[in-house]
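The first chain written gets the first letter, and so on, giving A, B and C; residue counts start at 1 in each chain.
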Amino acid sequence: MINPYLIHPATIMEKIREADSIHTYRLRLNDEETRRNFRFAAGQFNMVYLFGVGEVAISIVSDPEEPERLDHTIRSVGRVTSAIAQLQLGETLGIRGPFGQGWPLEAVRGHDVVIVTGGLGCAPVVGAIDYMFRRRRHYGSVKIIHGVKTSRDLLFHERFEAWGKQPDTEVLLASTRPDETWRYHVGVVTDLFERVTLDPAKTMVLMCGPEIMMRLGVPILMRRGIPATAIYVSLERHMECGIGLCGHCQMGPYFLCKDGPVMRYDLVEPWLGRGGV
Amino acid sequence: MSQGIGLDIRNPQLETIIGEIRRMSRLASNGLESQRPRLGVFKFASCDGCQLSILNLEDELLALGQALDIAYFPEASSTIDSGPYELALVEGSITTEEDAHRIRFVREQAKVLITIGACATAGGIQALRNWGDVESFKQVVYPSPHYIQSLKTSTPIAEHVHVDFELWGCPIDKGQLLRVITDLLAGVQPRLPVESVCLECKRRGNVCVMVAKGLACLGPVTRAGCGAICPSMGRDCYGCFGPTEGTRKGPGLPPNTASLANHFHDGLHLIPVEVLRRFRGINGYAVPFREESNAWEQR
Amino acid sequence: MARETCGILSRTNFHRLLDALSAKGYRLVGPMVHDGAVVWDTIQRVSDLPIGWRDHQEPGRYRLEQTGSQEIFGVVHGPQSLKPFAFTPREPLVQIERSKDGFTTRSTLPSSEKVAIIGARACDLAGLGIQDQIFLQGEYQDPYYATRRGGLFIIAVNCTRALQTCFCASMDTGPCAKNGFDLALTEVDDQLLIEAGSEAGSDLLSALSLSPASQGLTRQAAALGDACAQSQVRRLDRTRLPQALYEAHEHPRWDDVAARCLACANCTMVCPTCFCHKVEETPDLTRQNSEHSRLWDSCFTQEHGYIHGKNIRPTIKDRYRMWVTHKLASWIDQFGTSGCVGCGRCITWCPVGIDLTEEVSALLKSSEQRSTSSRPQEAPGR
C-alpha cells in the first residue's frame, strides 16, 4: 500500500521574487526515482512541507510537460508560508502530491476560452495557459482577464505581455487602486467582461481568485449566455491532508482537496456564499 | 488583553523580529556563541510556580541553555546581565505601583515578550481582590498595614504593555513553553491550540466527569494545553488554562460560558453563588469568565 | 470438521471463548467499569467484564447500576465506540530527521497487533463500517488505519435492552448486528447464543465444538432483538434527507441550539463515524528531529474552518450546523450513507444534553412549511 502521508524532500533550485511577500520556488525532488515518476496536471496542487513547522497546500504553477521542475508561487499569509519565505536557495522543502482535480483541458479543447483570475489566483492557471498555447490550434480564441488591487500586486507581468502577443488572444488587466504607471483598466475585474466579445455557445471559462469575484462575475457571464456547466472555478479551503480524509476542506458535499480544487460551477453554486459553508 | 496564541494572523513587525532571532540562533548553532539569543525571565506578583516549570525542564533545560543565553533569571542564577533581551518571559501580575513601572522597563528591553501563566496572562488568583476591598484585607491580615504598598487591583501584563504571546496555565505546561521557544528560534510564529480541554480529555480516553459523575467541570470552556490532567484523575477542571479561543467574547463565539453556567445551576443543581465561584477562580479575571461570574452576582 | 455457524455456550463456560482467542494470540479487549462508565480495556478473564452492571443514559447524563444479576453484557456502551482501535486519537505518521543536505523522512507505521474486541454493539459495527469506507475504500487508502484494522477480531453483542438515548432502529443499524463481525453473541438468560459472521469466526466456533442452538433459543433471541427495537423512544426521520437539511440552512433553530452548544467537541469525539483529524508537527528543541502526527480534530474547533486570515465558521451556530449538516445530509452525497448510526453517544456525552434527534426534528418540522425548491436558497454572504 502506498503511503500518501510520506513527505518527499525537494531542494529549492530557484527563488524568484514576484511581488511584495510573494515568491516562486522552483523545487526539484531529491530522490531520483520519485522525481522521474512525478506527473501532474495543470491546476493540481502539492502539500508543501517545511521542516518542524508543517504543510500547506500550494498549486503547481509550472508546466506539466516538465514534471521534474515544480514551481510553486507562495504568498506569506500564515505561519508556514511566512517561515518558508525565510528559506534560501539550496534549502530543503518537502512535497506530497500531486493532489486534486486540475483544469479540464481536454474538455476545453475546441472551445474559445475565457480565463478570469484575481490576485494570486493567476498562479494556478499559468500551467493551463502554457499547455493551451503549446497546442494553440486546438483552442479557439483565448481571453485572459486578470484583476489586482494595487499595481504592485501584479505578478507575472512579462508572462501576461507575452501571452498577449499570441494569435487570437486578448489580455485584459484591471486594478482597483493603481499607481500612475498602470496602463490598463482602472476598476474591478468584472468591468472587463463587458469589453470582450463572446460566442457563448462555444466558450468555456476558467476562473480562479477570491470567491466574491466568482459570485459577482459568474452571473454576468451567465447573462451573456454562457451556461454554468461551461464555467470552472478553482476553490480554496483549509486543506490538511490533501487526500480527502481529514475533513477540513468540505464545501457542501465536496471535499475540495480531492473533488476539487477545480469544480464545475453549477455543482458548487448552491454552496458558494452560503454563510458557514 | 491580546488575542493570545491562536489564529494564523500575520504580524509583519513580529515576523521581522522572529526572523532576526532565527538568524542569531543559526549563527549560534554554527559556533558563534555570542550570537545566542538572550533570555530574561522576570517575576511580578506570583508564586514562582511557572518559573519552576522552566527549571523542571530537566534534560531540555540543558538544550535550552545551549540554544539561549540565559542572561537574567534570578530564580535560577545569580548572573544578572542587563538587557536588551531577545526573549522575555514574564511571570506574575501587576499589583504594585512599582511593578507597573517595572513592566514598562521590561517591555522596552524585550524584543519578544511572552507572559507565562495565569497571573501574567489574566491577573491570577490574586485578581480576586478586584472584587473586594484591599484596604480592609490589609487591616485584617497585617499587624502594621501601613507598610503594605499595594494597588487596589491585580491586572494582567497585557493591560500595561503589549504582549506578543501568552502561555496559559497554573502553572504553564512545559511542553507548550518549549514549543513556543523552539518555534521562535526557528523563525516561526508559535501557535498553540485554543480548543477546549474536552478534546484532550477524550483523546486520552477519559470518562467525562460531568456526564458520569455530575461534577461541575469547566473543561468545555477551558483552553486545552494541560493534557486534561484533572479529569484524568477523576477531578473536574477548574479552568487554569483560561477560556477557549479569544479572551474577548463576541456574540455567538466560544466560550459559551452562559450555557455551561446555566447547566451547572439547572442540571447539576449548584446554587448561584457556587456557579459564580466556579468561574471566579484562577482565571476569574479573564474577560469571559469575569463576565460570567459577574452575571451570577445578580441571581 | 464441519464448519460451524451457530452454537450455544452457557455463561459459566463463557471463559472457553476467551481462552480460545488467547490461544490464537489475540489480546482480549472488553468493556471494563472505570470512573463511572465502561471503557475498552485489556481483560484477562470473564470476571473483568462488567457482570451485573447496567448503564442508564439520558441527555448529558450517564450512570451505572449494579443489579446483582449474572448478566455479562448488561451495559450497552460507554463513551468509546470502536473508533479508537483503527483510527487512533493520535497517530504518528512520519519522522523527519535533519541531514547535512536537508532532511530525510520515514513513515512510522504501527506494528500490527491481533486484538479481539468482545462486546461491540451493532451501532459500533455500523460506525466501523463507515470508517472503513472512508479510510480504506476511497481514492487513497490509509496504511496506518489499514494496519490496525487488519488485526481486529470483533465479537459483537446483540442488544436486548435499549437505552433512552438509542435510536439505531430508525437508522437501520441495530439493535442486532447484521454484518461486520466475526462472532455475534446474544445473551438469553444464562445462555449465550453465538453466530459466526466471518470465516475466522466460523473457524473459532468449530474449534470450540459448542452445543447446537435450539430453534426455541434462536427464536427467543430474535424476539429480544425485536422487542429492543420496539422499545426505543428516540428516532430520527431520514425520509427527506439530505435535501430537507440543506434547505434548513437559515432555520432559526440553529440560533436556538447555538445558545446551548458549548462547541466543546465532545459529540464529535464520541461519534463512531466522525473522522476529522489535524496534523501536528512537533520538532525537538535542537530541531534535528521532528514528528508529524495526526490527532482527532473536530469541526467545532476554531482552526477547523480557518483559511489564511479568515474563519469560514466563526460562530458556534456555524459549527453546529456544519456538524449536523455533514453528518446527516452531505455525508449521504459523499458516501451514499448517513454519517449517523443512532448510537446516541452525542446525546449522552454532550455536557449540556443537546439531543440530536430533537434538534433534527425541530429543524425538519418547520422547514416543511417553507419553500420546497430543490436547490438551497442563496444566502447573503457573511
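Everything below uses one rule, namely that a contact is a pair of C-beta atoms (placed from the backbone, for glycine too) under 8 Å apart; a residue touches a chain by one contact, two chains touch by 3 or more.
Because the structure is predicted, anything quoted here is derived from the model rather than measured.
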Central chain of the complex, centres being mean CA coordinates: C
Contact-richer chain pair (by C-beta pairs counted) among A-C and A-B: A-C
Approximate Å spacing (C-alpha centroids) for the pair chain B, chain C: 36
Between chain A and chain B, centroid-to-centroid distance (C-alpha), Å: 42
Interface hub residues of chain A, defined as touching at least two other chains: 52-53, 77-78
Numbers and ranges of chain B residues touching at least 2 other chains: 8, 10, 182, 186
Set of chain C residues in contact with two or more other chains: 283, 287, 297, 303, 306, 308-309, 315, 317
Chain C-facing residues of chain A, complex: 1-9, 11, 30, 51-55, 77-78, 81, 91-92, 94, 212, 215, 236-238, 240-241, 243-248, 250, 252-253, 255, 258, 270-271, 273-277
Touch list for chain C against partner chain A, complex: 93-94, 96, 98, 101-105, 107, 109, 134-135, 138-144, 146, 242, 246, 249, 275-279, 281, 283, 287, 290, 292, 294, 297, 299, 303-309, 312-313, 315, 317-319, 321-322, 326, 330, 333-334, 375-376, 378-382
Of chain B, residues touching chain A in the complex: 8, 10, 15, 19, 22, 182-183, 186-189, 191
Parts of chain C lying in touch with chain B, wherever the complex brings them together: 34-37, 39-40, 60-63, 78-80, 84, 89-90, 258-266, 269-270, 282-287, 295-298, 300-303, 306, 308-309, 311, 314-317, 348-349, 351-353
Residues on chain A engaged by chain B in the complex (per definition of touch): 52-53, 76-79, 82-83, 86
